[in-house]
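What follows is chain A paired twice: with chain B in the first complex and chain C in the second.
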Partner chain A sequence: MAPAARKGLGRLTRDVREFLLVRRIVNLRGFQFLVVLPTTAVVTVVTISAAVGILHPSFNFGTVFTWVVWWGALLASFVVFGRAWCLVCPVGAVGEWIQRLSLWWRSPYTAGLQLRWPRRLRNLWLATALFMVFVWLDNGYGMSNSPRLTAGLIVVLTLASAWIGLFFERRAFCQYLCPLTAFIGLHSLFSMFELRRQDAGTCRARCAGKDCFRGNTQAYGCPMGEFPAVMDSNLHCILCTECVKSCAHNNLALRFRPPGRDLWTSRRPRLDEAVAAAVVVGMATILPVLTLALLPGLRAILAGVLPAGSPPNDAPRLVAVGLLFVLGALVSVGVMYAFGRGARWAAGAATGGRALFAGCAQALIPVGLFKFLADLLDHGLRTWGAVFDVTRALLLDFPWNRAVPGRVTVIHLLTPAQVYLVQIGLVFCGLLFSLYAVHRVSRDLLGGREAAFAAFLPMAGLAFLLTLLNLWSLAVGLL
Partner chain B sequence: MAPAPPARRIPVASVAALVFLTAATGFVLLVFAGRIPLVSEEASADGPVFYLVPYHYGFAIYDRQFLEIERIEVEEGTAVTVHVVPALALARETFLAYAERTLRAGIGGRPPGDPHIRHRIEEDLKLGDVEHIIGITAHPVHVTTNVAEVLGGRFFREGAPRTVREAVERKNPAIKTFTFTAKRVGEFDVLCVDSGIGGEGTCGWGHQWMVAKKALAVR
Partner chain C sequence: MSERPLGDLPRFPAATRPSLRRSVALTLLLVIPPAALIVLMAVWPPGAASTAEGVVRDGVREITIRAYTWGFSPRVVSVDPQETVRFLIQSEDIHHGFAINELGVNVQLQPERQTRTPAVRADLPEGVYTIHCSIFCGLGHVSMKGHLVVGQPARSLAGLLPWAASLAGLMMVAGFAALVRREGG
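Right after this comes the complex of A and B.
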């Protein structure tokens, strides 16, 4: 039941369902509905206020709650609970409710066509592209400063989830189309919490029904199409606990674990997952540097060709940001692939370049994640006062949020230099996790101590390089 | 536990879901296309008219006859039209005369006549064409002044209007107008709302004291 790696942590890594209260809550048929309900209420208010509320982003509950509170909580949740947001996300739930014709009970009926998702699209390619569009909407169009765009985004995603749920089986939208699925899933590899089967032998020898995947009369099969008996990473697990409810052998555990284990223990990532990891890491590390260095010049060049407009409808800027995104993604994948090949060459291995690229891309996730957290820290420390402003504004005119509550509150908890010091700590934290992951990846892929060390060096060098880029891009505001 | 039989499709439910989603999608598309406005149209501009002059660092209010008044007083439900005439869009000496009010009154805990106030106003003027973002508490009002575009990087324009009346009569392009319905009874502040990243707003040091207390009274 407990692999050697977990023995040292003892009681800390035991199944949290050993606690009676947790077990009762998790086993409740309506568990997921009960946790989705509050977020549905909040997201409804967020959408209304963003759609019809005041256009000033600092007074709009929708924008502040989405881009300060939700985004911050999302990033922080990766570290502890992985895809916990997906558990409570009302966008995904809407598709499921329509598909199942039920809010929480096990319904034998469906309104959906239950088609299988096309085989060619069963990967993260589309999700990675949509993630780039999502970030482009923010960087190019300033979505996080636009209440109406924020509302539009939520509505479009909800409708997309509903349509996909109506036509395709399980949570195809969440797994393959949600613009955040790659971003959330890959960062969840780092998380300190997991859902796993306990004993492989029980699944092999005693379970013929595979209820965790197929479902039974009491519970649904895994909505993400995972087979928990062999699941070895958090990439797709949304912690909905359907498998826990359906397992007749009580062979599934929810437990804490050392952070980042999936980065080196999960099966070799597929190419689409590796590229998605490279892109996600690159968005945090390489893209900001490219933007700082190239955006003004590129925009100026495009201004001679494209009609200028005022932000956000500034065509030269929109195109320049879009081009930089594509360039950033290509550079990220190219650099990580080159370093993977370099690791193979250094180790003198005949094969395994692609595996080293994939392993390297995943191992660098902490460098990207902690850069996102460092950005969040700066943002949070500057804008946290807005949460109270928008709450006051919302209460003045609930739920329409049309009134000005007063002046925007600005209370800096730390000076920019102090923030930067904490950011340095976070960035180095990410580096340390990545170095350890790189070490484990190279050791597991190449076996021999010397070859593993030789492969470790180039990949560790890349982690250092990306860390330096992070430190530079974070410092630009101070210079 | 018994294995789950395949879920039974209910055609009526599928059709209902299809119709509902089609309607919802159509509605959203019409909203995106601007065919269905989600936000109600502005109040009609046939109510009382006022002129508001934001300056470094305060507000002067004038009625329709350009007489300076203490505050805007209206009945509940009235559609109020306010023309914002930024002091920076007026002639240099007019701007300085408004700024003198700040000096005479004293702000930020500094006593009237404190030379530090004059010094800070002069420093802020070096920032160039600053904007104020005017808000009225508890009302759906926030309007950014339109000075930067008009001044085009200069501090003052040659031949700029010397008075509010002149600016209005000459249709100064820096003037912005908003209309709102006074729906709440009470006294409300007129203030520069946007504090920016550093807390000094977009208008400088005196931003945090740039508030006209109870400048809107709704009876």
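Right after this comes the complex of A and C.
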């Protein structure tokens, strides 16, 4: 490799702001506003078409765009840019604009009461519960295949963001209440991009103002309440670059890194984050299988005690889906906790079962993430043509979306066996990343090589089990 | 930070001597039974081998299919080459789709309402084609599939792929463990 090329690559892992163009863009006061603007326009069109457009979910631009394009882009973005969606999300931006009384400039005024978020709620418990509700709405009511419910969801979330912004400081909604914050934040631990302080000594010895957290006359303090000087994970960082702009010592870097590093370097694994990680991983792996196997039977039992209705307003089914989701979450947490305890027992450690559970849950995030990507690949390859057809139909009646597309293109790009082969590749990527993360977690948590290896084996066994579950549930079309 | 940290590094002290034998035994005990169950459930799901007969009306065979979260019943539909068929599908719960891309069939299913597809001729080479839900319907959407078997195709080797992948996954874990062991934990 030529020296110049090495230098270029080196700059990517050191600080991408070493590229003049990147530095200029990031340093723009209106950087976030400029990147939010296009997504705001698209989400507005999506909301209008879903709210008043045709009801057929396969022909409605709003539903197809939201649940195929947006959902796919969201999952793919985790791998590279972490919480990049939160940077461009108009839902959070609307709350912030109202709270700050500005679109991009540093305003000295605020429309909000700037209350601090309650101490007891400064965790992921509520976000995890709301994530469960979100998934229940999708699977119980079929939110993703209802244009009106999709539009309703976007409107409700935007209003909630604005409302919370009027009472609480910073982006309290995005950090603690958005139903996707745990899902996005935990998957972002895997990403290949990070914002970090460069030199700890500079923050400690030379910085008295802590402007990255508090803000100054030029920039706002971190909207997610993070203290970038000690931030060691991507969990809450939305890459808004306010801290980069406010740092007087130019001590913050935006850089690429090996994927997944946060999965084992996080210094303070917490119970709420561990449970949220277990739920998110279980959502991709255990929960669909459990629901598929038990839903008909449980619904039949509940039909004996609850009044049946017309789906989706069918109480026995809605309750059955809810119960199975709670059960699925409990099973996911229970299985990971049991394997964590088992790892501790095998390692002969006196304490640390819960820490091993936390480490194990986080280390398994790649298994879940790559299963989601494999699911998406399957759906995307079978229905990709619809994106072009609904876009064409939207343009005929912009933005109301009342025109039905003449046809829905169905062209197979790959055969089912070929799709499965690609999915196997994705699932194995997840397995390998998780194995490495499990290895690092056990090595870092336990003293002694023997103990670390003894703890590694049961957790690697769990990674294999979840991979097996993924491989066989993805193979349905071949069996 | 209100939440109590679970485990502060540095490392946890050992109470007893770590045992590789204990670890291997525990891992095998925790992994083998559920692994066997996973494969068993996938290979013999209820109704996996069910086929649809249907009723012939005016030269068109009408085949009734139930759709539910997340599957079709029957899961396997057999038709003769060049046979004209119509599908009568009813969703038992939420909105689903019913699509066979190769036949150009793609209909939306309303809850508790029977949807009739146009009559279509199975003008396809003998083989197995995928019936799938064409509307994103939740977490298990990807599993909502069935088969349209046209004629009597030769047995495909594609069914062996999950077995091969499972074996490869197992070897991957064993290989990784061996590497970790060689590096000394």
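Everything that follows uses one rule, which is that the second predicted complex is superposed on the first by the 464 of 479 C-alpha atoms of A that agree within 3 Å, B and C clash if a C-alpha of one lies under 4 Å from a C-alpha of the other, contacts with A are read in each partner's own complex, and residues count from 1 in each chain.
The rule we apply is simple: a residue touches a chain if its C-beta (ideal position, glycine included) is under 8 Å from a C-beta of that chain, and two chains touch if they have at least 3 such contacts.
Treat the numbers as computed from the prediction; the structure is a model and nothing was measured.
After alignment on the shared chain A, the placement of chain B and chain C results in a clash.
Using the contact criterion defined above for the overlaid structures, shared-chain residue A:Val52 touches chain B, although it does not reach chain C. In the overlay built on the shared chain, the residue A:Arg382 is in contact with chain B and with chain C.
Which of chain B and chain C touches more residues of chain A: that partner is C. Contacts of A:Pro458 after superposition on the shared chain: chain C is touched, whereas chain B is not. In the superposed pair of complexes, A:Ala111 makes contact with chain B only, with no contact to chain C.
Contacts of A:Arg122 after superposition: chain C is touched, whereas chain B is not reached. Of the two partner chains, chain B is the only one touched by A:Ile98; chain C is not. In the superposed pair of complexes, A:Trp163 makes contact with chain B only, with no contact to chain C. Legend: residue contacts after superposition of the two complexes on their common chain; A:His412 is shown touching both chain B and chain C. Counting contacts by the rule stated earlier, residues 56, 58, 382, 408, 410-412 of chain A appear in both its interface with chain B and its interface with chain C.
Residues of chain A touching chain C in their complex: 56-58, 63, 67-68, 71, 119-123, 135, 138-142, 144-146, 267-274, 283-284, 287-289, 291-293, 295-296, 310-312, 314, 317, 321, 338-339, 342, 344-352, 354-359, 374-375, 378-379, 382-383, 386, 408, 410-412, 416-417, 420-421, 424, 427-428, 431-432, 435-436, 439, 442-458, 460-465, 467-469, 471-479. Per the touch definition, chain B reaches chain A in the complex via residues 1-5, 7-10, 13-14, 16-18, 21, 24-25, 28, 32, 38-39, 133, 135-142, 189, 191-199, 208, 211.
Residues 1-20, 22-24, 26-28, 30-31, 34-35, 38-39, 41-43, 48, 68-71, 91-97, 99, 101-102, 104, 106, 108, 111-112, 130, 132, 134-143, 145, 147, 156, 158-159, 161-162, 165-166, 168-170, 172-173, 176-177, 180-181, 184-185 of chain C are the ones touching chain A in the complex. On the side of chain A, the complex with chain B involves touching residues 51-52, 54-56, 58-59, 98, 100-101, 107-114, 152, 155-156, 159, 162-163, 166, 209, 211, 214-218, 220-221, 246, 248, 382, 396-397, 402-412.
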